[in-house]
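Dropping the structures in below, format is structure tokens.
Both complexes below contain chain A, partnered by chain B and then by chain C.
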Partner chain A sequence: MSVPHTIFVATEFGDMPHGRNDKDGKLNGEKFRKEHLLPALAEHEEVLVDFDGAKGCGSSFADESFAGLIDHEGWTKDEVVRRITYKFRFKSVIKNIYKYIDEAEARRLEKC
Partner chain B sequence: MLKTLSELSQAGLFTAAFALIGWIFVYLNSRSLARQSEVNTITASIEKMLQEVADENNKFWRDTAAAEDHAKPRLFNAFINFRCDFIEEKIQFLNKKCESAFLDIDHARFEDCIIDLIAQIRDRSTFDSEMAQQVEDKVARVLEINYLSMTLYTNIYDFLRTRYMSGSRFTKAPY
Partner chain C sequence: MKSNWQKKSGPWGRDLLIRKEFIGNSDIVLLGRTLVTPPSSLSFFEKNYLQFFMFISELETLSKTSKILIDMNHVYEVKTAALLVLYATIEIIQLRTEDKDIIKFTTCGNKKVSISLWQAGFWDITNQNELMPEYKKLKKELEICTASLAATKAGDESQLRKVVEYAQATVLESGLDDESDLLAYNAITESVSNVWQHAYDEAFFENGIDVELAHWWINVERIRDQFFIVVYDRGAGIPYTLQKKSWYKIALVDAQGTVHEIPADALSIKLAVEYGNSRFKNDNRGKGLSEAKEFVQSNPMGTMLIYSGFGDFAFYSESDTTDLRELPLRFPGTLIQWNLRLETKK
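Now for the complex of A and B:
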């Protein structure tokens, strides 16, 4: 199994990720998705998003960053789940990320 | 055989052995009581935090911030996430404290169940709080948080009741 490329959110992006877009602040989910996640996914098959050191991960940020791949970038749930893994000491935050991905997939299927 | 026992008895070995057994019993019992007291303290602090989470949700979703007020949702997020982080840490600590070689309790299942509830509290509290004015189900959210907080506390209470049940009320463990 290949070693995934790691994005250290706290050091590479910011230690207080929050909000959906520029309206909500600088360290928002849309910016993370476009400037960090998508370029990493273009170069690497698997990406590990490491939140250790970050002072939390807002729910809107998580939704916009990861479920946003399905909502705005045309990805499917299978691709997102297969290619991105998460690391954070609080399992409930990771659980919510998967929940948002599921909900985005349901929206995508509804549109189809 | 009797002669040996008599000699051992005269030497005071039995007295010493009984004293040692008594001392071990008292030591283990006091440790168990101390641990139960710690667990009760942790549970009380979790209950307090859950009440704070419910109260803050009520306040935030009732007095929704103006669209241009970016500080309020961020402060609200920080408030809720800090408490949820704390509860998640404390639950793991509590779970570890409640381990017992004599009781068959599914600790992993308990932790999973609680983490699932914390995830729901995080989600229902803070999701789209940045655009709170556009959220339609504000009252439903507050009610849901109250319900989830109550369910979380009840789960912890059931878990502790199973762990520290008295012998006369032995029931099947829910976990």
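Now for the complex of A and C:
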């Protein structure tokens, strides 16, 4: 079993991840997806997103970053779930990320 | 121009004989400023709505031609939401006129009112810190925070950070549940995101947006185990922005296929709140309001108030009821107030 590559959100991106895109400021989900998550996924089979040290993780950020892979990057739920894991002291954030991924998958299937 | 003399309580609580000048519609000029008397209750809830917004409108109109002195001698009550709108109005007038001193206050006749204005940061914004009473024995809470679109685009998160850190420190200080500070974080950041994503969406402004004037304002306050958040913007307003959404027209068709007319504004706000969980939701937008309502629903003492356009929406978790009301005057922008319960580990 390979050791996943870790993205330390608080130190490598910012300790207040929030918002959807550039309209919301610089610590937004779209920026995180495009500039941190996708490059890491291009190089590593598994990625651990470690939020510890961050003040929180807003729903727009979580939705845009992870469900955004399905909505905007052509991924499927299976790929997202298999390749990305999460670490955070707030367990509800992780639970919500999986919920947003499920919702995005439902939207993808509806379009098929 | 006619003139006479009139006895009136002066700005520092003493009676003054002042010259009453008739300029246009009989405004009193004192110390080179037009004296404006606000309603004795600074609130726009229920029956106070018209009077409060006539006062706000008077400030906006007069500021085009005169400096202003707001007479606080007879104000005995202030509500947080009304203070936020007043603060925003003053800041916008200052930005438009490029004059930080255009509006000043007299001292307050009521100590509680004086403390509220001091806590909210009114003496800072009007450059009156040196003249107004300071309450050194009281803990200074967080003043109203505000950020412009220009600052946000430039990556300045300092005001948002201030609100978030205050909220999280309050939660920590009270020894409340770990997830409570996450709840506060989400509520604040999602509110701000809603403002930038919807209220100041360029699609709603034919002449573009002045990024210096486009702002959000937030006031947060903890009362026992309740954490109140009030967010205000002067953007397009929920009912107007909804009319441009594709899902909105679909939502007006009921299960029998009957097409309903565009509803009154209060009902539009209700649709916007329900949208996040609705069957019409086919994109990844619009979590903010429905999520806020979820926070409120999980709080036995939860209330969610939204003023936007001509609509007034109120949800009460205790009775699980929603009140919708049409307003007599258009609300300038959108104000959302709700309270989260800070749950204890016990």
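In this section, the second predicted complex is superposed on the first by the 112 of 112 C-alpha atoms of A that agree within 3 Å, B and C clash if a C-alpha of one lies under 4 Å from a C-alpha of the other, contacts with A are read in each partner's own complex, and residues count from 1 in each chain.
Convention: a contact is a pair of C-beta atoms (placed from the backbone, for glycine too) under 8 Å apart; a residue touches a chain by one contact, two chains touch by 3 or more.
Source: prediction; values computed, not measured.
Engineer: After aligning the two structures on chain A, examine chain B and chain C and state clash or fit.
Structural biologist: clash
Engineer: With both complexes overlaid on chain A, does A:Thr6 touch chain B (first), chain C (second), both or neither?
Structural biologist: Once the two structures are laid over each other on A, A:Thr6 reaches no partner at all.
Engineer: What is the contact status of A:His18 with respect to chain B (first) and chain C (second): first, second, both, or neither?
Structural biologist: Touch status of A:His18: both partners.
Engineer: So, A:Gly56: does it touch chain B (first), chain C (second), both, or neither?
Structural biologist: Both: A:Gly56 reaches chain B and chain C.
Engineer: If you stack the two complexes on chain A, which partner ends up touching A:Lys26: first (chain B), second (chain C), both, or neither?
Structural biologist: second
Engineer: According to the stated criteria, A:Ala104 is in contact with first (chain B), second (chain C), both, or neither; which is it?
Structural biologist: So A:Ala104 only meets chain C here.
Engineer: Looking at chain A, does chain C or chain B touch more of its residues?
Structural biologist: Of chain B and chain C, the partner in contact with more residues of chain A is C.
Engineer: Quick one: is A:Phe90 in contact with chain B, with chain C, with both, or with neither? Answer first, second, both or neither.
Structural biologist: both
Engineer: Can you tell which stretch of chain B bumps into chain C once we superpose, 20-28, 110-118 or 128-136?
Structural biologist: Superposition on chain A puts chain C right on top of 128-136.
Engineer: Is there a shared patch on chain A that both chain B and chain C touch, and which residues make it up?
Structural biologist: Chain A residues touching both partners: 18-20, 23-25, 56, 58-60, 63, 90, 92-93.
Engineer: Enumerate the contact residues on chain C facing chain A in the complex.
Structural biologist: On the chain C side, the touching residues are 152-153, 155, 157, 160-161, 164-165, 168, 178-179, 181-182, 185-186, 189-190, 192-193, 196-197, 282-284, 287-288, 291.
Engineer: Sort out for me which residues of chain B touch chain A in the complex.
Structural biologist: 70, 73-74, 77-78, 81-82, 84-85, 88, 115-116, 118-119, 122-123, 126-131
Engineer: Can you list the chain A residues touching chain C in their complex?
Structural biologist: Touch list, chain A to chain C: 16, 18-20, 22-27, 55-56, 58-61, 63-64, 67-68, 71, 89-90, 92-93, 100, 103-104, 107, 110.
Engineer: Which bits of chain A are touching chain B when the two form their complex?
Structural biologist: 18-20, 23-25, 56, 58-60, 63, 90-93, 95-96, 99
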